[in-house]
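What follows is a single structure, written as structure tokens, with notes after it.
We just call them A, B and C in the order they show up, numbering each chain from 1.
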């Protein structure tokens, strides 16, 4: 590091105390928000006499719903899964796991607030339940996916504010999709994965306009960091069935588990196969294995609970695995070169394209869904297809009492709405991402210089720094370590 | 690496594109198999009107069975547990976790197919359920155990085909044991652990005949890789009670959880104790800690649900812990020297001997099982011991309605059948393993040269390779790094 | 290492075989204890005819309680969470995870025995149930916390005996608090966290009297070890809601989950904020992030099930996050300097102060608890507040049938008892810790020299040792590696 650069670094650093104080204020605002809005949901509220009387439970206390299991699986996916998946960079592992931790902890509270505002009751209260915690965890996935596109190129303050803005837009978009367009997206492949990926890519585009992305000596893995990243990959792969089925129930939920397992298994095999075919010397490439193996989980998401049959789940997973590896190999370099969009983790290949594929597959499956293959649960899965006439409804309810009045949509109409929701999601993600990118370039959020990119030393008090500053051989030592002995330096 | 070796390497590599294409074909065959065979089980099928009507559920959708929790625990054991347990080698961590991932994803589909074929219905359909997914995960453990014996000495294509053959034989052997011999093996210690271990050792024997195993400079851990391996060890240790109890129910299941926890805790303590006694300077040896601590989980497996009392569980676990460490210290070197069987992970000590011990202990417990200590659940746990006469059955069913007609076996007969199943399992494992070993030596599966053993560079595009090939000092640098600074090289 | 020191080392090592044999004897004693005492609880016992008849289950076997999920979450916290959290030291990672494993496996059996003795039945039997396994896991947390204060400065035999003594005292103290003082401590913040921390600090004080703590060249992290430690941190953070709610039921349990999630999220954000404010260059410090982010889980523990409202949970978590970081930055150095108490992991800041805070907050919440906000569940949560008169009880039981007769305590009295329990816990912890420290200084447990501190080589047969002993450059090589290339050596 030359003297000028070091000077510039310490200039930037003066912002950090302001950042710390800003974090304090953010948590303060969240406290105010919770104070103004939230109370416990009835099932968690001791004031609720039903919990005490509970004749319906034969006088026993209610049992913790098994949903909590799925919630904890998703919980592990968000913090361990996403966090360790991003530790693949040689000198950015502490930031990957650490900033996922910080950003996640802030945003889970923001997501609860956003969800509370949407579901606010007439008395101005919103209610906190296990279901709400689950929704919040799923929402947090979207900004963490966007973070993947920007990894190593932002200050943490940029990430935090990006996440806050993104969650507000996410909530609006999901509301439009679920409540206005009445589409199905069981595993949130459109609302979380596609949304998060294209939002993040739009932000990265704005960053790239100012400064063309170029090769960076720290933008690569070390032998150990690739193994750390596999902790994230494998936990994501294992718990994806829980992610896609967590908000469903009954046979729908069990089907989502089976479909997701099949799809993600097929995408794993196909990602390995394609990696061996397209890589140098026909070996496997760790980047593909860490990411594309998971594409099947995204691609089945929208249709996870639908009757796509085992073969359908395997087929869409296989396709996603191939598509994702091909994206890493051929598309990402083109996008970086021609569109100046740098995508550190390749979220376009893991979340973007497979998310769009999920939306298309969901529309296809919705377009062929019939009473024949779903019986009356058709109207529970696609509520807008339920009849609007009370006469027809009453007949159905004789057999199946969980149906509300719908809008008499045909299969084709439902498919069209599914496609519309996909387009709306992509449009909102890209536009809001571009605007957010411009906002994040404001000086108050700070920025990372080319030299500071992908380097933990920007965010963390590292032990070695102390050592290095004591020795006059600092410059040479550091350079040599990075070039010849990537791990030796660490 | 000398020039000739490098040439040989690039020769071998030309096979890799064929391997990639073979993987595509394998997934294609799996798709065809699923297309021909599978549909959703009733509880996951929307066509099934019962899910809609569900009067028996008061009109509520069925709740996800808590079995899913156990399933996810087993899921973590297979991919995180086995995967990371095998990362202990200095330069084979990426292969350990990566190939576990690939092989697991292929074989879980193969296991579902095998299970489907066994349980096929008259209309030619097989049904996919959560229970089926659980069985498939457990089945996959067998080939992953065999892989432990061969780790670092095969191409991935050899592993994949070994796994496919092994799963077919495994399914046949388990069918013989469970349905023909009607024996109990709750935690699959005979059918999975002993079977997988002796199958793998037989394959390794065939490999060793051609090329005598010798010391290899990469066959050892690094400081970091030993810690990575502990991730696998500890997750296996924690979730073993779920593995042994997942296929049981009622008091039987809770007993299996308690017995397994006690047994595996005792084996952990005894493995540490024995390691301190037999190791150099009386320190602990990481290999023992990573593996022998788990032997109690295997050893209690067959009898996990039986009334062996807390003291029985502790005793068998203690014995297994000692046996396993002694195996590592004294038996493995002898087996390698005299039988030419090289056992990379020491599966003989973790799965082989403890699996046999489990079979013997299971036979003992079956031999002393009586109506006195089991009441009528005796006939649920040992179905062959149930009376064949309807009169006696009717009497039992007054109190206990989950009994089918059996074969009036005595305790002694049941014990003999348990021993027979153990012998059959060992016999089938060894014979089929030898045959499989011969098949895998066919050139179409490729092979690993002595020089390529235990080296990730065979399977993975490594970042450092690019660096190294640019420099003329490659040979020296590499050698020095390995000898003096094992981790510095990585 | 000079020749004298090496000699001294080999002297110490001769104790090790005695240690190994001692471990054998400990497991032997445990077997005797279990033999004398334990049988399966009714729900896990096949002898129990109710499991067979089970009319109350419509003839179906009982389903595994969802508690098992929470149990497994806690299980992961204890061994993966605590184990990896302590791997942060550069050269003590194998001991951190390995000794957690050993000590945990011994102590979980000791905890079961202690619990069995407390709950022994008239016929001299104690019963093993899933609930008992859960309690044992929670009890094991206390000595593992104490181990955090002593990490790197003891032999494993010292840790094992410390743990055994501590668990006996822990059981007594918890009995006093729960059964005699009848206080509430849902997440065991007083009984486990505060107790474990102050017990460990008292032991460390005794150690420091003999030998003043000084700076040690191995007492610091490496780049990789800091990432390993984050595995522990994040799993602890994720599963803390399970820890605090595992022993509760009904709305109380769901409230504890929600409160804990909010508190620990707030403490995570505040720990980052405070770390950025107090650290050099206003960067984050890994020690704070690994530990103080969890302080909110401790601080809400006592009141986790109380009606502290979402805002209360956030506020106490925020406060704990700040307090903990401030403790690391300013208090720990003072305590080390003036009180000679060396605290390797800073348990005073993660478990000590937040535990006391939890006790105070619990007293406050108990002091404002009323029938208005809890309805009749007030008497289930605070059993001592229930009326003693049968007339009043009968009236309550019309609505709420899970109430036993109490002692008519007022809110203020309950608060006073909560404070008393906190003081008793601190007093017992410190006094018994001091005595234990004196016992552990007896030569039979061995000791660690200044030179051996924080070094895995004391406990483990390390691969590199073999290398190093072959070369005459051992001394220089080792020193250089540690000073200039901390990781290069590993």
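We take it that a contact is a pair of C-beta atoms (placed from the backbone, for glycine too) under 8 Å apart; a residue touches a chain by one contact, two chains touch by 3 or more.
Keep in mind it's a predicted model, so treat the numbers as computed, not measured.
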Copies chain A and chain C - rotation angle from C-alpha fit, nearest 5 degrees: 120
Interface composition of copies chain B and chain C: same or different, split at half: different
Distance between the centres, which are taken as Cα means, of chain C and chain B, whole angstrom: 33
Residues within chain C bordering two or more other chains: 65-66, 69, 224, 231, 485, 487-488
Contact set on chain A toward chain C in their complex: 10, 13-14, 16-17, 19-21, 23-24, 26-27, 30-31, 34-35, 38-41, 43-49, 51-54, 59, 61-66, 68-69, 72, 75-76, 79-80, 83-84, 87, 91, 93-94, 97-98, 101-102, 105-106, 108-109, 128-130, 133, 224, 228, 231, 456, 458-464, 467, 477, 481, 485, 487-490
Residue ranges of chain A touching chain B (in the complex, touch as defined): 65-67, 69-70, 73, 220-224, 226-227, 230-231, 233-235, 237-239, 242, 245, 249-255, 257-258, 261-262, 265-266, 268-270, 272-277, 279-286, 289, 293, 307, 309-311, 314-315, 318, 372-378, 381, 399-402, 483-488
